[in-house]
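Please read through the structure below; I'll follow up with questions.
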Amino acid sequence: MHNNTAISELIAAGKWASQRGWVPATGGNFSARTESGFVVTASGFDKGQLGSHTFIELDHVGNRTRGAGRPSAETELHLSMYKLIPSANFVLHTHSVAATVLSRVIKGHSLNLQGYEMQKSLAGVSSHLDTLSIPIFDNHQDIDHLSLLVSDHHLHTPIEHAVLIRGHGLYVVGRNSKEVMRHLEGLEFLFSCELERLKLEGIQAGVNP
Amino acid sequence: MHNNTAISELIAAGKWASQRGWVPATGGNFSARTESGFVVTASGFDKGQLGSHTFIELDHVGNRTRGAGRPSAETELHLSMYKLIPSANFVLHTHSVAATVLSRVIKGHSLNLQGYEMQKSLAGVSSHLDTLSIPIFDNHQDIDHLSLLVSDHHLHTPIEHAVLIRGHGLYVVGRNSKEVMRHLEGLEFLFSCELERLKLEGIQAGVNP
Amino acid sequence: MHNNTAISELIAAGKWASQRGWVPATGGNFSARTESGFVVTASGFDKGQLGSHTFIELDHVGNRTRGAGRPSAETELHLSMYKLIPSANFVLHTHSVAATVLSRVIKGHSLNLQGYEMQKSLAGVSSHLDTLSIPIFDNHQDIDHLSLLVSDHHLHTPIEHAVLIRGHGLYVVGRNSKEVMRHLEGLEFLFSCELERLKLEGIQAGVNP
Amino acid sequence: MHNNTAISELIAAGKWASQRGWVPATGGNFSARTESGFVVTASGFDKGQLGSHTFIELDHVGNRTRGAGRPSAETELHLSMYKLIPSANFVLHTHSVAATVLSRVIKGHSLNLQGYEMQKSLAGVSSHLDTLSIPIFDNHQDIDHLSLLVSDHHLHTPIEHAVLIRGHGLYVVGRNSKEVMRHLEGLEFLFSCELERLKLEGIQAGVNP
């Protein structure tokens, strides 16, 4: 994929995510793996109004080759996700109310979703009886530290679709822009359901569903 | 009704349902009974952006006559609904947060709605004092099995407007596209009310309203 | 006000209320008092897509003078409101989730709102320290009976802005279309706040605020 | 900044805030500090449909220099905020459900937010470990009295980004229109998260987070 194609698809994804309220207050950052390296959103722009000037282009080892803005502090975590998951070509980092709140009220190290047909919107999931487990990492302002935690975790429990950072938000991957958007929409639906279910059944119902 | 008329009306219904958040992440499937058989959405398309190429046409016994996509796994359940309810000419299968969560937190075999004026948005209901009972079936990945459960249930308790599949979603019928959309909108309103009421009065208030 | 002016303003109010989700599934009905009597929406139309053919025109005593549709069963209650409240020139009857649920979980005969600055969006209210009391009537399919209950109540406790019908919805009045829309928007905001507050403080907090 | 530039930016901010439901029923008021004094919205207009005729222009001491409408009663509080916070050039006063309800259910004198990455959307906040404290003042119809309370509070605990008025709404400041909108969007996100969190963890979880 050319950088320009990736940028076009990320601009469209940003508008779409913004309309759903998942990237408020210039939060979030989006990236893609391309034939010449990576493209990633620069810091501080409204994700609903991205343009070609709001992207930074990186080579295969993560050095900037083009783009004037400040790279997002979280670029390192995007690059780690690409390294860990070879099939991932898009990474979206978003901040929704449901993801933020669930990652706080669930005190353990993963959000375990079970019993929802919509789990099948995630690639490779074929039954509501499976447990879809999204790891939750404690938030940290040192992104290198956070990247290390994610990489370490991946060694014993491979990350498949997404990770949650506690009180912070979601990182979700996909093989292409269509898949990463379907993953994001499916997960946000599941998060909304789980938040409502826990209000009715109590927080404890979220520990071992 | 011609297949093309049915397809046009389902495209409009898909856009409308998508705007309301009831068919996220390419979920759901829509169909109609026509003079030559049935039309049904192919699997994997965003229901908010349907086009004529996203439909499969079937004859009266359910064999494909036109359309290249993969038929939805749930086609069998649509066909069962048409067989059971002779007046049904449209079936919409949707995934809303309220339908998904209510069908899980209500552990029994039906969601019983009572005391809501809006029950009258369902054909044949004339008073808020009536109990509108929507059967809930446990989810199953084997759609033939699920179809059988629905058909068996219908023998002793005829299905009138809709069924819920637990943790999965809603199937709703109507004589025409206008009616099935009114049924869906009325039911989703009632589900939202009931979800809010149970948060205030407790899950037990949903068992025998 | 000419009938045609009133109809134009009600068409705009219908579109506006529909976008906010307050008239789902063809529910609700809208009316205005005019120089030749009244105009009122006919039954069964989507309030977001009203047109001049969806109205019935009545003379000063409520007899139809024009319009082919079926008058809404609730026309009688609109006419009662105009009789009881001489300054009312518009009546909107809507069905929101918050109004429907609050009118059910509050078991008493009124919803009492206190401590909200937004109470001042209702004409004549000048402080958040006032108690804004909206009477709640049990729902009844016999509209004449319901009209009688409202009229009787008005004799000892004059109705100022609105009434709630339990599990059914809201009737709100205004001197002109701008005021009735401000009243509706202000009340719906207050209902949303109160619903959230009761989730946090418990239903009992809604009895004598 | 010229008055006309400020007015253009406030018109855009009003449309944006209205679409998000934060200025219902003609509520709220917006202002800016300009080279010739201040511009402030006149009372009683829908903030989603502001125009140049809906503004009042004031000189440096707050006397009207232009504009025919009635100045909002809350103008005094805007002027106090500009006096207390020299870097503030925009003040938005909004009424959201989350701000209104949180300011009531939290009985203390501040809403303390901690553990949210999104706190960093507020200028000067660099970690989720910081406590972002928004003072809450009891509502009062005497705006001079309210202004005095805010000024007194500022003497011992400087106001940085915003204040809440109990059961009333939010006042938020920024150096420019882009910053004040980011502050408002960030705070509303945090309020929504906190409201959901308290529903799951109980009101007491909001006292000393």
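In this document, chain identifiers A, B, C and D correspond to the written order of the chains, with residue numbering beginning at 1 in each.
As a working rule, contacts are C-beta pairs under 8 Å (C-beta built on N, C-alpha and C of every residue); 3 or more make two chains touch, one makes a residue touch a chain.
All of these numbers come straight from a predicted model, not from anything done at the bench.
Asker: Common contacts of chain A and chain D?
Answerer: For chain A paired with chain D, there are no chains in contact with each.
Asker: Quick check on chain C against chain D: do more than half of the interface residue numbers occur in both copies, making it same, or fewer, making it different?
Answerer: Shared-number fraction below one half, so different.
Asker: Using mean CA coordinates as chain centres, what's the chain B-chain D distance in Å?
Answerer: 45
Asker: Need the CA-centroid distance for the pair chain B / chain C, whole Å please.
Answerer: Centres of chain B and chain C (C-alpha means) sit 32 Å apart.
Asker: For chain D, give me the residues that contact two or more of the other chains.
Answerer: Chain D, residues with two or more chain partners: 199.
Asker: Chain C touches which residues of chain D in the complex?
Answerer: Going through chain D, the ones touching chain C are 24-27, 95, 97-98, 100-101, 104-105, 139, 141, 165-169, 195, 198-199, 203.
Asker: Within their complex, state which residues of chain D touch chain A.
Answerer: 115-118, 121, 126-129, 182, 185-186, 188-189, 192-193, 196-197, 199-201
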